[in-house]
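Shared between the two complexes below is chain A, which pairs with chain B and chain C, respectively.
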Partner chain A sequence: MKKALLLGLMIVLMATAAWAAGEMPKKGGNLTICVADEPPGLDPTASASAAIDRVVYANIFEGLTKIDRTGKYVPGLALKWDISTDGKVVTFQLRKGVTFHNGEPFNAAVAKWNIERGAAEGTKNAHPEFFRIIEKIETPDDTTLKLTLKNPDSLFIVHMAEGDAVMLPMKGYENTAAHPIGTGPFKFVAWNRGDRVEMARNEKYWNPQLPYLDKVTYRFIGDASAMASALKAGDVDIIGWLQAPELAADFVKDKRFKVLSGSSVAENIMSTNNKVAPFDNKLVRQAMAHAIDRKAVIDLVMAGYGTPIGSHWPPVTPYYENLTGKFPYDPQKAKELLAKAGYPNGFEATIKLPAIYAYSKRAGEVIADMLGQVGIKLKIELVEWGVWLDRVFKQKDFQLSMIGHAEAWDIGIYANPNYYFQYDSKEFRDAYANALKATTTEEQSKWFKRCQEIVAEDAVNGYLFVIPSLSVMKADLQNWWKDYPTIVLDCTEVWWKK
Partner chain B sequence: MKRFFRNKNFTCGFILSTLVVGVAAASLIWTPYDGNKMNARDRLQGPSWTHPLGTDQYGRDSLSRVMTGAMNSIIVGLVTVAIGLTIGVALGLASAYYGRFLDEAIMRFSDLLFGFPAVLTAILITSILGPSMVNAMLAIGIFYIPVFARLTRAVAGVVWEKEFIAAARVSGISEWSITWRHVVPNILSPLIIQGTIQFAVAILAEAGLSYLGLGTQPPHASWGRMLNEAQTFMSASPWLAIFPGLAIAWAVLGINLLGDGLRDTLDPRMVRIR
Partner chain C sequence: MLRYLTQKLITLALLLFLVSITVFSVLFVLPGDPAQIILGVNATPESLATLRADLGLDKSFMGQYGDWVAHLLTGQSQPSIHYKMPVSELILSRLTVTGPMALLAMLFAVAISLPFGIYAARNQNRPGDVTVMFFTQLGLATPEFWFGILLILLFSVQLGWFSAGGFPGWRVDFWGSLRALLLPAFALGVIRASILTRLTRSSMLEVLGEDYVRTARAKGLTERTVVYVHALRNALIPVLTIMGLQLGQLLAGAIIIENVYFLPGLGRLVFSAIGQRDLPVVRDIVLFMAAAVMLVNFVVDLAYAFVDPRIKLK
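The block that comes next holds the complex of A and B.
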């Protein structure tokens, strides 16, 4: 009898599990997404602004390759790609039957035109180097695009998935900034400046199953508290990226909402000017690394959300190596290293914080407190964003600062000795060059990990945490991305359960 | 002194302001905790016996911060009124004494300053000079100059016409001495009244500038900054906004009542100048 009962229970359980797993996405419904920054235009190929990608990338525009929700590189408008053994020839097989929203067909000739446009002299593209590495473009037929690179570049496929490399139509591209036309699952409808961007389902999308939603609206609300009230009042369905994590606590308790907390690719670092004393001394930088309690920083600054990092590499990106144990929190050790570096009584320094970012302001205050405990007295200076870009980023006139580096795969900035934190290491440059040259996954993994280790060992900057990809939404909304492995808010596979 | 306390406004205002001054003075020698000391374990605690006003997002004790914030506000009030008084009174006296061209020039200059919206211009000044408490005080103080200059000119002008001034002149006292010994003492009471009112306005203005991030800089405590930082924590931890808000209301109300009481007692006929 007991056995029969157990069996019966198991059947019931399995049936429930099967039903839960087999719940099919439903078509229909509208979605209103709330984001903080309104984009300056809607052309991702003409500006580095992340606000543009958050609205149009993967929704209106697609590139040859694409990054999926787990951080893997998957086919976009290219079905597959082959890379020759020397890593120099990349052959894309393009999708058949893809058309732009205005009816223009997408084919190899269009792809070639887009690449040439990005590489052209005087291009507005923020990353022309993505395309300038291509030596020769061949289009043997409508669906084959054969690219020959000047030298092997293991990040080429990665770059083709960036917003800078999306495909625009050859005829309807001129007005992209105001009226974008792409191949994506949603068509642009209207942009009501200062308020919202509207888009509607693309009935002719190359994947007939997608998208599920009829209409997507992006609303721009700058203030985090106002965002939270808008969600509670039902004016918006989801906050795409909640930048004030302390507001999440309220929604976690509320059954009408759910909170997804994943990882983004934005590393928040205490940028350190490696060319000015005393920060040109590696021992001083390592001492600072020992003086920082990352767990406490995350608790105090991000209400406990956020992932600690030990190097300039987010955990959602392939080849991640956990280096958070390299310099464990140890104020005593920090003092010893400072004494060894010739500063037994510490020293005074200034940290310049960009005032527009709450996380950087707060992290700056917390770090000032922690460094103060080992004798490094920090003076806090809040600066406007424009001033920060000019003084800190361009003129390198700073000692310490605090900023999130939002781009994916950006460890290459350490290979540039003129980048604002002025890190100059031949060892790193060689390792990075090897990583780019590597043609196998094993080789790439080895060298990209080596890059992470070198910057961690040199304690180039203070590696604090990856900014969480916090999204808060109505409980019935399904399939939203938990992690943001690139700068994107992709609505393609999102659906409503009711 | 007794006649002051017969006035209800004065008594209320005196009690409220004395408390603020007392708390501020106390903060110089003692606060329950170090107001700038962070403590991850104690973050965002509600009011309790250990932390009467709760703790903020960094685990800092709010009572200690409200106390040091009081000192901050009082310094701002004193310094801005001092800037306005010294320069404004000097200009006003000169204007009343010399008349003619100088008078015109000073008064038109005052009109010019009055023409600017004070707080907006203070924002402009602090964003040019860079945000700091000193620059905020400068920006507010500059706008107090015409207030005191106008008032001084008006009342000093009346005093110069009085007969005892003529008597003093006849007895051969120098014009300087007349100004110091006879004119200034006779215009003191309206200046004191105006001073207290401006003191309260300065506390509000500094709180406003700090709220916008243009006043007192972190980690130092200022009531306006505390309000700013409390903003996103409002729904979960309301005490973070309530107590600094109450402190501002308390101090401004107290000093305003004190000013009203002084006016009623010292100069019942004086028309309120704002």
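The block that comes next holds the complex of A and C.
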């Protein structure tokens, strides 16, 4: 509630500031966004694919809560929520007068149906556990949704802001993958497979001020330099996520364009198999941490864009603790630790790099060089994405790898000893359980920070940097999100100054 | 002729069957789980199992192969995992991009290679010939994607005459769509023209040395008639063969050029489908491409008879 108020206040302040500067948002105009990956269907409740959320989330679909551009969770279709002192009862007050694009009303009964659908036996939702924690759903009236949880879960509100928890209409939901119908500021118009998804302003959006744009088109261009050419030739208005940061410099110099560089929630880590020798030895992992010069990695791999991290937590997410100083770059120290671990002459290992991600490929090459300087000889093996998922992720057949973990609030993967990096720590599991159980912000903060500290101290993986949310756009485009604190390209408040 | 056709058809069916077995087996043992790719790395095992069952991936090798063939034989293809629509529709819609682009590219290739090839042959070892050969050498050495990027930089980014890629759709904007195919088709065509020019030249040189050409000249025909009526027709046969192969190759997917110009064509479809393990799409496209290449070769066989009546189809 406090957060909602605060946000309201912030919006008023921001609006005033904008008005004072003579920059009132204008309605109208079309926006063409180019993104690299075409989504596998347009139903975020049937897949965890980031490509889906980047197109439909917050534009076509909304959930009860949402994450705003600063990383805080704020009201979505729920105006506010109260959490009981024991943390088990969450009562949402829903917005009145919200309708889906097909005219169906949104109310407590619809919300209940959506949650039951996510929790159902045989659901296609990628995260049924988000909903299965709910023991009882009550709908005392049309705008009240009272959920009783099996046990307190401090991430419940966050989960309700994920793409997996968006609200679909009870009648018009069947064809969501091909023709999505939501409550969002934009209505689905067409999906020209292999090329684009088009959407148009929802005239009946619950906030009559929004959106500003008339039409939004997502175009799918896989190749980074083709993206850059498309923007320069005027075929697209913005590159939502520039995957080749070295191309940014060119746009920074060009007055027709502007570059926003913020932080995403994707931690790029050198994932390490904690069960295989010699990486089961904490000293070896710590030695590697000392051997890596994060600043140089960022300069070489990301053309200087990107924020260094010391643990598995992005700086744009609440409760962040800066642990980058824990293992400063110190090759001498690294060699000492290696000697202490029983490898005075180093050892040989293989790093498997997913070929589709340019940043992992390059980071792998840079890291191989850095580790080589302290005696760890890395053999680089490039693997195709499907193979990576199968061999590295599923069968855990790897020593080292390099990958961006894109989901926000995902430190819980360290509590699962079967997760591909096979980290098994009771201390962490307890701390994480405490964080989930915590009912106050102070408690949550304490335990989530503890979680960050434990994985940093154990040097579970090589924590390198958060992938920058680099967007390049025409100079007249206003109000695009600088940071991407969740997986979304939200066009709701974007407008053209022309 | 009829016997020839039946023979060809049986070969075609047999080949398609072999291709289908090969494709299916390769994709079956290829690591990578479509369900995992769709649901992402943090999906629960239960969701994965549900989706796998839903896609029929929990069945045995023979079970899945049977499913596929049954679908094909009844004329309806399986739905794409990624796009949620029948693969046949996808292929057809993508062909409206790749097909015209391939034809246009061949048109460019022929329009460039025939005149230059003939010219070079008639001016053998003179400066004109050397210049043409130099450029064909350059064309052979140039990767087509790089040439494509150069064209974009010049015509789209610098001059702004064409868009840098994309495809508006024939129904939305016919001339715009044609324009969108010009640059990629030119990039493809010029590179192919290099081979064809060299081939036309050498084939032409060979024919020009034949006795009947000397006879034609001896009976006082104009050089024009000798070259274009008597020599060219015979010189075209090896050129036609290569053109057929090239056209098949172009249909089978100008994968890289389609990615450079982000055209929603067949090549890009199969490229992304492999990455996403959209197995129904990959299988059907490979089968379709195999059929297309065989068909083009068949048409070329027919064309031999047309160009040279002495060739009989048996």
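What we mean here is this: the second predicted complex is superposed on the first by the 477 of 498 C-alpha atoms of A that agree within 3 Å, B and C clash if a C-alpha of one lies under 4 Å from a C-alpha of the other, contacts with A are read in each partner's own complex, and residues count from 1 in each chain.
The working rule: a residue touches a chain if its C-beta (ideal position, glycine included) is under 8 Å from a C-beta of that chain, and two chains touch if they have at least 3 such contacts.
These figures come from a predicted structure and were not determined experimentally.
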In the superposed model, which partner reaches more residues of chain A, chain B or chain C? C
State whether A:K437 touches chain B only (first), chain C only (second), both chains, or neither. neither
Taking the superposition as given, does A:S225 touch the first partner, chain B, the second, chain C, both, or neither? both
Now for A:A244: first (chain B), second (chain C), both, or neither, which partner does it touch? first
Of the two partner chains, chain B (first) and chain C (second), which one does A:I413 touch, if any: first, second, both, or neither? second
Check whether A:F393 is in contact with chain B, with chain C, with both or with neither, and answer first, second, both or neither. second
State whether A:A368 touches chain B only (first), chain C only (second), both chains, or neither. first
Once chain A of both complexes is superposed, is A:G41 in touch with chain B (first), chain C (second), both, or neither? second
Once the shared chain is lined up, is A:G194 touching chain B (first), chain C (second), both, or neither of them? second
Contacts for A:P128 in the overlay, against chain B (first) and chain C (second): which applies, first, second, both or neither? second
Residues on chain A in contact with chain B in one complex and with chain C in the other? 225, 384
Complex contacts: residues of chain A adjacent to chain B: 224-225, 228, 244, 246-247, 249-250, 293, 295-296, 299-300, 303, 355, 358, 361-362, 364-366, 368-369, 380-382, 384
Sort out for me which residues of chain B touch chain A in the complex. 36-38, 40, 43, 57-59, 127, 131, 213, 217-219, 231-236
Please name which positions on chain A make contact with chain C in the complex. 38, 40-41, 47-50, 122-129, 177-178, 192-195, 219-223, 225-226, 229-230, 232-235, 356, 384-387, 389-391, 393-394, 407, 410, 413
Counting only contacts in the complex, chain C reaches chain A at residues 30-33, 36-44, 46-47, 50-51, 54, 81-85, 90, 93-94, 149, 152-153, 156-157, 160, 162-167, 169, 259-262, 264-265, 268-269, 272, 275-277
